[in-house]
Amino acid sequence: MHELFQKIIALPWDQAPQWLFLIPAFVMLMGAAAAVMLRNLIHCALCLTLSFIALGVLFMALGAEFVGFVQLLVYVGAVAMLILFAILLTPAGEVAASNNPLRNFKFSRAFAAAGGATVALLVLVSLLGAIFFSPHARAVVPPAQAAIAPVKAIGENLLNHTLLPLQATAILLTAALIGAALLAKEEKKS
Amino acid sequence: MTEADGAGAQTLDVSLGPQHPSTHGVFRMNVRMDGETVVKLQPVFGYLHRNHEKLAEGKSWLGSMPFTDRLDYICPITNNWGYALAVEKLAGIEVPDRAEYIRVIVGEMTRIQNHTAFLGFILGDMGAWGSALMYAFREREKILDLFEGLTGARMMANYMRFGGVRCDLPAGWLEKARAYIETYPAFLDEMEKFLTGNEILLSRLQGVGVMSAERAINGGLSGPVLRASGVDYDIRKVDGYGVYPRLKFRVPRGTVGDCFDRFMLRILEIRESIQILQQAFAQIPQGPILNPAVKTRGFKPPVGEAYGRIEGPKGELGFHLVSDGGEKPYRYHIRPPSLINLTLLEEMCVGTKIADVMVILGSIDIVLGEVDR
Amino acid sequence: MNFIDLLKRIPEICKTPETLPLEGKKLILDFVTWLGSLVGIAVPPWVLTLVNILVVIVAIIAVFLIMFALMSVWERKILARAQNRYGPNRVGPWGLFQPVADGIKMLTKEDIVPRNADKVVHFIAPIVMLVPALILPVLLPYGRGMVAIDLSVGILFFFAVGAGSEVAIFLAGWSSRNKYSILGAMRAIAQMISYELPLVMSAVIVALVAGTLSPTGIVEAQGGYQFGFFPNWFVFTPWGFVACVLFYFSALAESNRSPFDLPEGESELVAGHLTEYSGFKYALFFMAEYVGMFAINGLLVTLFLGGYQAPLPFLTFIPSWCWFFIKLAFLAFSLVWVRATMPRFRIDQMMQFAWKFMLPMSFAALFSAAAWHYAGRGLLGWGISAVLVAIPYFALGYFCFTRHHSADNRRYLFSE
Amino acid sequence: MSYDYLLLTIFLAIALIFPLVPLGLAWLWARTLSPAKPGHDKQATYECGLESEKPVQIQFQAHYYLYALVFLVFDVETVFLLPFAAMGFVNIPVVGFLSIMLFLLLLVESLVWAWAKGILEWK
Amino acid sequence: MTDDALRSELQKRGIFVTSFEDLYNWGRKNSLWPLQFGLACCAIEMIAAAAARFDMARFGAEVFRPSPRQADLMIIAGTVTKKMAPLVVRLYNQMPEPKYVLAMGACAISGGPFKEGYNVLKGIDRYIPVDVYVPGCPPRPEALLEGLITLQKKIEKQRLFGKQLPRHADPQAPAEYPVPAYGPHDLIPPLNPDVFCPKRNASSAE
Amino acid sequence: MNFPGSGIFKGMVVSAINLFGSYFDRAHAKRLITEQYPEERPTLPEASRSFPFLVFDGDPEKGIRCVACKICEKECPPQCILIEQDRDENGKLLRRPKVFNIDISVCMGCQICVESCPFESIRMDNIYEVSSYDRFDSLVLPKEKLLKSNEYYHSIHPTEAAETDARIEAARLKKEAAAKAAAQKMAAAKAAAEAKAAAEQSSQPESQA
Amino acid sequence: MMLQVILAISAVLFCFGLLATLTRSNAIMVLIGIELMLGAGNLNFIAFWKFSTHPELLTGIMFAIFSIALAAAEAAVGLAIVIQVHRRLRSVNVNRATQLKG
Amino acid sequence: MTLTPQTVLDRVHAALPQARIELLNNPSPSGQHSLLVHRDDALEVAQFLKNDPELLLDYASNVSGVDYPDHLEAVYHLFSIAQKQGPIVLRTRTGDRSGDACLPSLTPVWKSADFQEREAFDLLGIRFEGHPDLRRLLMWDEFVDHPLRKDYVAPEDYEYEPTPHGEILAKISAPASQA
């Protein structure tokens, strides 16, 4: 008993946190899977949110804490809300009222779904093949390093190297806001 | 004009009440909202319909007196007064001077008490956590203590009688009442400091539920709600019932007709009531309190009908009585200010936000006992 | 080391209140080591780390739960006093056991899940609500050297994790399938996202001045005293004061406190997103709301009120962590005080207040802070900065408010 | 660093379990001592005491989305602002600050646009 | 139950069970959150009881909840009209167990002064069980507080084990009571015989 | 001082005054008027009323003032009084109630019964702690519970009771006087009648004729 | 080894996104799929940054940040389009959106 | 000019000679005599009363329905806020109590009559023609009776009353009503 205990505590537990990233990865994949599969749109959006949270945690686990938190802040705080609002704004109640019977034909939809799934599967297989079996996969990968993305450095980087993209982003955001607002804004009734 | 039903997809019907925190009792409004904006509002009454008018036809004339207490249960005494006044008109009964003064005193105290409670209630409608209501009730308790000392009950006074009042002021009551009314302006100042400058309150009340004088008259509004729209009409002045013609007071009226004016008007009216009370305290004569010609039991007014009305705290409280010469009224109809002030509720509410509905309702100051009777 | 030695250390630790929690933690670690030596195991460092972590977590949760319990009765008592009443005073001494009674009742109350509700989501909503609220306090520096973790992106963490409660409120409202609930939830989200911007902006200003996003760093930047007695807290600079007030109001809105309690605004929406919650799930929401409120006010203390710094130099003998909690208690008190005073905003006014007043003001505070810094952080900077926030304040105040609403623009006529 | 995240991870786990404990207790209580009694009315949706109709599909107004939109844009803006904040004024030269201001200005301009367009108006 | 029987019963259960029950009852009785719900004149006195002068908060009972889901106590303060009765019953049904009903005022108890009215329900106990009756028209706020204390005493005595279980602990007890329907002349049914069990008391009629 | 926000500021000051004022209001007069009910009871004013009771003098059986005239039963607006007159063994109605029930679950405390009772028998009590678990047994007050002594009446409404006593006394004196007068009158009448009868007797035959 | 694992995870995530875009007819689901794919891309950026030879250059990080900003803007506009389409057609079915032209 | 029923009557006669309107005497000391308008002319007369510059009866304070043995009446108490005078009592009469219980609605003239006419419809069964929204006001919609009529019989729902009276006592002691 005692020895077993000793053995257990002698295991390389210190190494364990390195692999902890698998937990958020798993959650993320599950969330994504659920988001894709579920029927209820709100459930999809919620699972997507869960997946985003896990992705953010994954970023943190990989040492990119700033990006991880940004992911949480932007995706959970804003994008998820945007998606939820959009879903509530567009109730799918009248979708079935399509007057084209062919469109509603189940077989065609099943066929389309099967086709899409096949494509996705093919892409997946080829990607995985590329990752694990391509010659580049055997190239020497430098060992993982301690997290090194201090926010200060990001700030300096932004200021010194990417000032132009930054301003461009600002313009883009402004444009996106104006465009999206104009699209979403309700026209005045008569 | 009904809203096009094609817009139905955009609107949402919500029922506010009957069990709802700020409908002042069991009142229900079916509200159709476009977003948060009210496009249609239908009040639904009757959840407190207690058949007062029918019951009164089966009771003696005096037997209805305690029931009038329960009409507008915030201010029972003025209801008593309205009924007594109508019966006195019907039977041509004189009221002794002292009784008239006592009526003015308790009536104005009721008005003060009602308006103070109003300040608390409307703050509650705006979502304040009860402080104003508690202060109002704190002061109300003191008035109720006076009432209890005089009439025996905190609320349901059953105090007026045809041709006078039930009992004389107990010894020392007048002094106590006077001393208390002296302290009232200080409380009112504090309350005003607490409320009227508050930016949130201003933005919640100003410009909300505006009602023009012309519509107000056509809609039958009365009392402070009517005067807030700028109509100079106070039954105490117009009819000059009781001893009001002998008392000097001013009738305030608003210029905009929104909720804020209705709110302020109550405060101004309290101040005038204090003036009236102080004069009444000074002028009250000695003498009998009840017209000895009136019998308590077996009271039978002559055949005929009468409409008597008073300026209640909430507006014109009228009683339309039809007598067939018997011991019981043939027809007993109440003109409740609360119900009729609601006539224009929809007009006031349409186009405002759902939260404003509560404030508008609160600014009208209704009591369900009177609305549904 | 033996047990007696450990025991002997207790009175010693108690004599040094400044580091009492830290020493207490050490004592527990030593105790574990001693336990290991009893069974003849050299406790490996990772176990100690684990124990260390657990102690911290348990301490934080315990402290905040106790604070929640006390606050729930204290709030009722203060509210009562502001309304000239006593408040709960019969359950236990001074009514202190009131939360216990409430807890027992909530725990044993029937739990109703509406038939139409989305059962799963209805169940997880209170949990999702509570988790971020519980995690947030881990960031706060409670005393000198007393911080569970000191992230370099601490403030960002706060806002990122805080976003979770929006989701939770949406879940609660949507899953109830009740008109009032969903309307309340939508309002809550609209409100929270609107007030998040001023909240983040005012925190960003502080970070810009302090040059760090770490809460500890920010508190340290507020150490020391001007002229030897005047604390260097950010709230005592013009821009800091404005940012602090903005942060305070945003915090009120974020934690759905009066006068921003529209989501639960019972004068319109019964109980908003909580309408269909009963039993302990409701209690969890309640708890989350309060813990979240403490967390966000703790952040306010950290950002503007000098965290654990003593207000006056000669008061430094009081342990730093006491100062933190004293300031927090003061803020909690002020919340109740505000609640006792104010009516509720109307939804459109509230949104306008956020977007048309708070957000521009937070930009103004940013400029003001920059002016304050680049003008040398002295009296000159103070003056410029004050002017820079005062002008927009009066302009916006007039433009958004006084122009429309004022008690002075009314006339009342009297007829004799 | 890894200690911090380890703590956070464990804290997250505990925080997840924490609410489950009383909920479990409450469930146990309901199982043993005070049976939950579902009923038609009891589980109906609350509607001020009225009979509840079918679950409502509420059609929301677009302004919720508009607010979320504006929020999103400014949220992203703060994301870019935070790295600067971490640098602090001390490390940002005046010119750098001005360029940040330019960045902000572009966004403020969109706020002003939204204001003028009445997007910030609650309907 | 006689005193002796009670004592032996207590001994059988053991001290743990009783103190456990006591704790449970103590918690419930000190945290009676009323449903924010006022019907008529009595509601004003109910507000007065919660206000500064009488301060129901001292008993921990000032948390008026707008939603029945979080309420423990339904104070029926005022006249229950027939139009309102179905709603009251439904609200009652929507409250989670354990729940209590306090009928405040003559009207809630028996229809009171208005009991001859065609639209007035002659006592809410025709449809839902009432735990405490507080007569008066209106009862003074003190009387309401006294009713609250009476209710607390009742809660104190409720047991979780044994034969006579209170409704919330009894699996056989009904979950809810039928809601009457609006009929052409009256409510249908006019009363719920499972709940309303008048004892013909001897002194009223031969 | 009218900057934006000053109104809120003033409001905060007022609530703070009330908040702290309530801690310093030892007299419980202005800021903290709470009376701690079960321990502190209100001193009810003399006029205070709740439900009616029946006054008796001396003995509850014999001294009962009520004569079962049923006027109050008829006048009571909500009809909450039920009176049955007592009968003696021969079935003759007695001037006292056998059953006198007041249903305080209906009574509205209006005092009309008191006003209408010509025998000063029914009066208003000021009890209010009458809550019960049952409506049928404990809220219908039978005669036994309603009967309270005149001393009790004096203790709760001293002025009114004194007036009542005076009135009763006056009435008794008046009655006595009236009785005396009646006796005298009777005697006089008798005498007159006799005289008249005699006179009639003498005149009758003539009229018949 | 770790890099490969992460890349594999990212690939799976990407394919989930692809699956959603290809098989679901609801426009919002299509957008959700796109978001998932963008997330997978970000994950790759971070992974390559972490295992790069010069992590102090922060290239991957900067890419990820900008990418998040762009994705947010994309989602905003995309959803706005969906809302507008819904308002016109009362449907969010991508198959029906073909009617929009003209 | 002071408004008395007589002066009003004269003016109406002068302006609308075809209107059937008469003065009803009120024997009570209140002296509130009333003007009985034939129901077909009521709307026209009401318009006139409201708009005539001499009368300006702009305020219909009270509307009550009265159930007389062979007809129903609607009584309007009119005031003039502009001139601070009143009341002028206007009444209209139905043909009979059931089949012909119709009256013109005066709500188009005075909005304040809205709820009160609905109430009279609800409780007395007077159908007001031209009313914008004539539904029951107080009772529920399924209710069929008109309770304020003299011949209305209330439902017998005195199962048991603690202090039963007379006929109720008889009812509950009879086994038939136990069901």
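Quick notes on this one:
Residue numbering begins at 1 within each chain, and the chains themselves are lettered A, B, C, D, E, F, G and H in the order written.
Assume a residue touches a chain if its C-beta (ideal position, glycine included) is under 8 Å from a C-beta of that chain, and two chains touch if they have at least 3 such contacts.
Remember, it's a predicted structure, so these values are computed and weren't measured experimentally.
Listed by label, the chains that touch chain A and also chain G are D.
Looking at chain C and chain F, the chains in contact with each of them are B, E.
When chain centres are set by their Cα atoms, the one at the greatest distance from chain D is F. By count of C-beta pairs in contact, E-F exceeds the other of the chain pairs E-F and E-H. Distance between chain centres (mean CA atoms), chain C to chain E: 39 Å. Between chain B and chain E, the centres computed from C-alpha atoms are 32 Å apart. One finds 54 Å separating the Cα centroids of chain A and chain E. Centre-to-centre, using mean CA coordinates, chain A is 82 Å away from chain F. For chain B, the set of residues touching two or more other chains reads 12, 16, 18-21, 36, 46, 49, 51, 54, 66-67, 70, 131, 134-135, 138, 141, 156, 194, 196-202, 372. Of all residues in chain E, those touching 2 or more other chains are 36, 51-53, 55, 58, 66-69, 83, 87, 91, 94, 96-98, 110, 113-119, 137, 140, 168, 198, 201, 204, listed in ascending order. Among the residues of chain H, those touching two or more other chains are numbered 138-140, 147, 152, 161-164. Remark: chain C residues 39-41, 44-47, 121, 151-153, 156-157, 159-161, 163-164, 166-167, 170-171, 174, 186, 189, 193, 196, 213 touch chain A in the complex.
On the side of chain A, the complex with chain C involves touching residues 2, 5-6, 9-10, 13-14, 42-43, 46, 49, 53, 56, 65-66, 69-70, 72-73, 76-78, 80-81, 84, 88, 150-151. By the touch criterion stated above, chain E contacts chain C in their complex at residues 23-24, 26-31, 36, 51-52, 55, 57-60, 62-63, 65-67, 69-70, 72, 94, 96-98, 168. Residues 17, 20, 23, 60-61, 66, 70, 73-74, 77-79, 81-82, 85-86, 88-89, 91, 93, 146-147, 150-152, 154-159, 163, 166-167, 169-171, 173-174, 176-178, 180-181, 184-186 of chain A are the ones that touch chain D when the two sit in their complex. Contacts from chain D toward chain B in the complex involve residues 47-50, 56, 58-61, 63, 122-123.
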